[in-house]
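Below you'll find a set of structures to go through.
In the two assemblies presented below, chain A is common to both, partnered first by chain B and then by chain C.
Showing the complex of A and B:
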């Protein structure tokens, strides 16, 4: 009963956050100079047809752009929430759902796997380095993980491309090889995808790993000095059993809590890596929409979906935490 | 004898203890900081880089913009001055002369060849292109914001060469000197980071301060907004904001606008930390004591709460600085941030995406090394400062 109450409260908070985010995203889209109607007609203009102010106004009316800002936001968000419909792209004139379709899932998948990869390395190495009393190894580790932070992903991607071009003669770019690019999904296409997707995953995971390593190490060394660890040791616990059953469990709480923001950080770098590796997924599409075509509908939809994924992840990690640690429930419900 | 040395020892001990107990906060932090070798080395590197950025026009032999291009040496390899060649040694470093030839052997194209018989000597403190130290030029939309300070006009440069050009890091596709550009880029990146940092710091202080000091409903509301802003991935947010910059704005205006955007997006993390700190501190006994003595809220905030976390704030600023620089670089790299003729590290690295450059002219990567050094130095100094500012760090070890 108490747990159900917690889940409902938390879900309500997630929805409010999502609404706020959608408002931010929508306002951003509004601030882009020009609107969709002008962009529709600008295309016609390039085809040799003259357009007038009346044409633009008529188009605005058709698209509902003459309504007040808040009403438009309401109808946009209503369509998104109720029907999962993001409307039509301003430039490409296709339904955004069709355009994004599998691409957004590929992007989300790449980011999730990169995050998973980061923690698979960071948790064991971080725990070992917090307990090991070897200043040389610790300093080396510190340097490597800082380098992960200081070396931007795009530089790493470029270096790998340079290396692979010189050694293998293949630049390893793109997500699919030529013969599968437009083919429907099949086992062969999946295998081909996996054989190419590892590179963006490694590149995105690289800096995430550096960051995660720092966090795990710091949390672990905090927990190690606490009295309950000494008490457990006094009761005769030692070695890996002690480490995993006591301090590691406590240290994992904050890490699970911050997973959502880690995903945020991985998303951040996706568009840039996508451009260098010429990936055809949502990150590249976002950059295209923002930098070149000013397609506000498309950009808004992508940013909103990415953010919704983060909010959802935050929601699930909170649920997970509240199952592991009952104190979490109290902090949300305030009693 | 031994008794005398024992008393001397005790006296010295006492003096040390006295020095320790009477030391000011700054002295303690500095002592602890000095003990960390990595942080000290990083600090030295940082100082050198900042000085290099400050003195960029003096150190760079050529104008970093298109005006300083060497049209006889495009995509030129780095030229390292040498002291010895097959004709013997000289104390003054020199380069060999470059000759441009065109003949039937070169298929009638202009080809640059090194002539190892002729030397060109490096000169120091030479007259070169004109620059202005401490000059500020702001050209924002609207006349009222224009600001023009000429500064000091100078023509002296640290080094130059007899004739032709000296390009320590080579040249790019237009013949611009990469060494000069790198130095100016360090300065730009630092400036963007500083402006962005100041803006986000100001916002964070106000929002986090209000939220933390008043608590209750105000806190709840502000935290909701902060969390919402934090959830949107920053680079897409930067990209969306940067997309508004009209293409007709000048490079300097663009530079200013990008710094402001970086500041507007960067505040949530710091605001949250200030809030958390205030929430814990305002329930401490010393705050209660001050309030019982009849101190006003303003007095409590200024005299008691702010000093309790200035060191945290400084550390936080140093740690988040590299993120500002990284964001600027990423933004410029994808073409939404700064643009030429402003030189920033992101602008310089943009050239590397060109496959031709990537495969044949790898000296374009040299600015990346400076960039990595800059970020690493900041991170290490920030880390050292954090340990030094934490009064309990000694008890842990």
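Showing the complex of A and C:
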């Protein structure tokens, strides 16, 4: 009952956040000088077509740009929420959904999986290393994770490419082999994708792991020194049961909390890695949309998708947190 | 009560910690015994080694702890004797951790895990130490919560430590500690963090429970007033050594060691409020600069030049079961107050 209440409250808050984000994104899209009709026709003009003011007005009417701002925001967000439709790209005159297609999902998927790997490694290793008194293992771990923190992703990507070119004769760039690039999805294409997708995942996951590992270790060391751990030992708890049910459980809260923030960080790193590995199917799309075509419809859609992913992730981490830490549940509902 | 009937016997306990600065001695050649049902008060300033001594009984000190080979802690349970410091595996340690010995701490809030309900922590302990099933463990826990005066115990069982008041948390802590029916309860400054009125209630409760459960208590505090109310015997500790021990009334009325006298003079007296308090001069020395000879000589107002810094005082009988370690006492007992 109480938990259901919490879930509903949090879901409501997530939706309000999304609406707010959509408003900000839409306003940003509007702030760019000139509207869609003007920009499209101006573009046509450069192709040698003569245009008149009437043409622009007709186009505005066709696109519904003559309606007030709030109404246009409402219809935009309505389409996004109800049908998942981001409308048409201004310049390319293609449906944005077609343009984004699987690319946005591949991008987000790579980030999610990289994050998942990072935490799956960082949580147990961090917890064990905080409890182990093996200086050699701890120093080795520290070395590796500092390396991960200090080394830029693009450098790691370049080094792996260099290495694999020398050893395997394949630079491992791109997300698909030539024969599958434009082929429709099939089992073969999926296997091909997986055989290549691990590289950006490892590269993105590497620094995320290093980062998370340091956090987990620090939090765990902190919890281990707390009185309730001594008190539990004084009651006869020991070994793994003590470790996981007491300090580890309490150290996990802040770690889970940082997931949303980390997704954003990883997504921001994706474009650079994507450029180096020439992953045309991921990441670079946003940069491209902004730089080449000045297409804010597309850019807005991407920003909205990313924010929605982060909001959704935060919603789930909040639920997880509330299961782990009862104080969370109370804090939202005020008592 | 004296002699062979002791519940726990500590002999020649020396505890050192391995640190970056070298070995630090926290407790040195300490000996005491507690009889079944007896309340022993362990008094001293912070840093005197009280808690380290108490934690030794459960081997609860940190990983860098070294117990001197001569140290012995024997726990006598119905016909068998447990060599506490000889216990190595965590499973074997359960007898002194929550089995025959329970411990309550100064900070009741911090001694409960914040994210686990009080009831669950209680049941978990019962599952470790008894054969009770989940249902029975729950009933027993609720009963214990009721016994320590927590109203609406069934609801409190499912609550978290942060939802309880300070006094209630310490009551819950006591209920949890007693639920396995330990023979010895170690209470490490259990009332220091509480309001004075709540403090009195908790002390009263503990006295009742000692009588009811027939268990012994090792009561650690820096507050001689609390000791006077609760303990049968008192041991005064300074820098890891017991400098004076004896029946509470005797020690408080006729303190034989200058340190005990110092502690008593530092207490405000209700019948002489205008009289200035006389604190024990100086600070407790850093553990890295442990004094030679008598550990108290650097702060002692009655120090004998040339002797106290060199000679180790032996424990002298100054009254019935009342002993103190001071060189002044060894000089023909001239300073024994009568």
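Just so it is clear, the second predicted complex is superposed on the first by the 290 of 335 C-alpha atoms of A that agree within 3 Å, B and C clash if a C-alpha of one lies under 4 Å from a C-alpha of the other, contacts with A are read in each partner's own complex, and residues count from 1 in each chain.
Assume a contact is a pair of C-beta atoms (placed from the backbone, for glycine too) under 8 Å apart; a residue touches a chain by one contact, two chains touch by 3 or more.
On a predicted model such as this, the values are computed, not experimentally measured, just so you know.
Of the two partner chains, chain B is the only one that A:17 touches; chain C does not reach it.
In the superposition on chain A, contact is made by A:146 with chain B only, not with chain C. When the two structures are aligned on the shared chain, A:324 is found in touch with chain C, with no touch to chain B.
Contact comparison for chain A: of chain B and chain C, B touches the greater number of residues.
Within the superposed three-chain model, A:306 lies in touch with chain B and out of touch with chain C [touch as defined at top]. With both structures placed on the common chain, the touch criterion links A:227 to chain C but leaves chain B unconnected. In the superposition on chain A, A:4 makes contact with neither chain B nor chain C. In the superposition on chain A, A:268 contacts chain B only, with no contact to chain C. In the complex of the two chains, the chain A residues touching chain B come out as 16-17, 20-21, 24-25, 28-29, 31-33, 139, 142, 146-147, 149-152, 154-155, 158, 161-162, 165-166, 225, 260-261, 264-265, 267-269, 271-272, 275-276, 286-287, 290-291, 294, 299, 302-303, 306-307, 310-311, 314. Those residues of chain A whose C-beta lies close enough to touch chain C in the complex are 133, 226-228, 230-239, 245-246, 249-250, 253, 324-327.
Every residue of chain B that touches chain A in the complex is listed here, in rising order: 38, 224-225, 227-237, 239-241, 243-244, 246, 322, 326, 329-330, 333-336, 349, 352-353, 358-359, 362, 368, 371-372, 375-376, 379-380, 396. Against chain A, the residues of chain C that register as touching in their complex are 58, 60, 63, 90-91, 93-94, 97-99, 102-103, 105, 107, 110-117, 121, 124-125, 128-129, 160, 162, 176.
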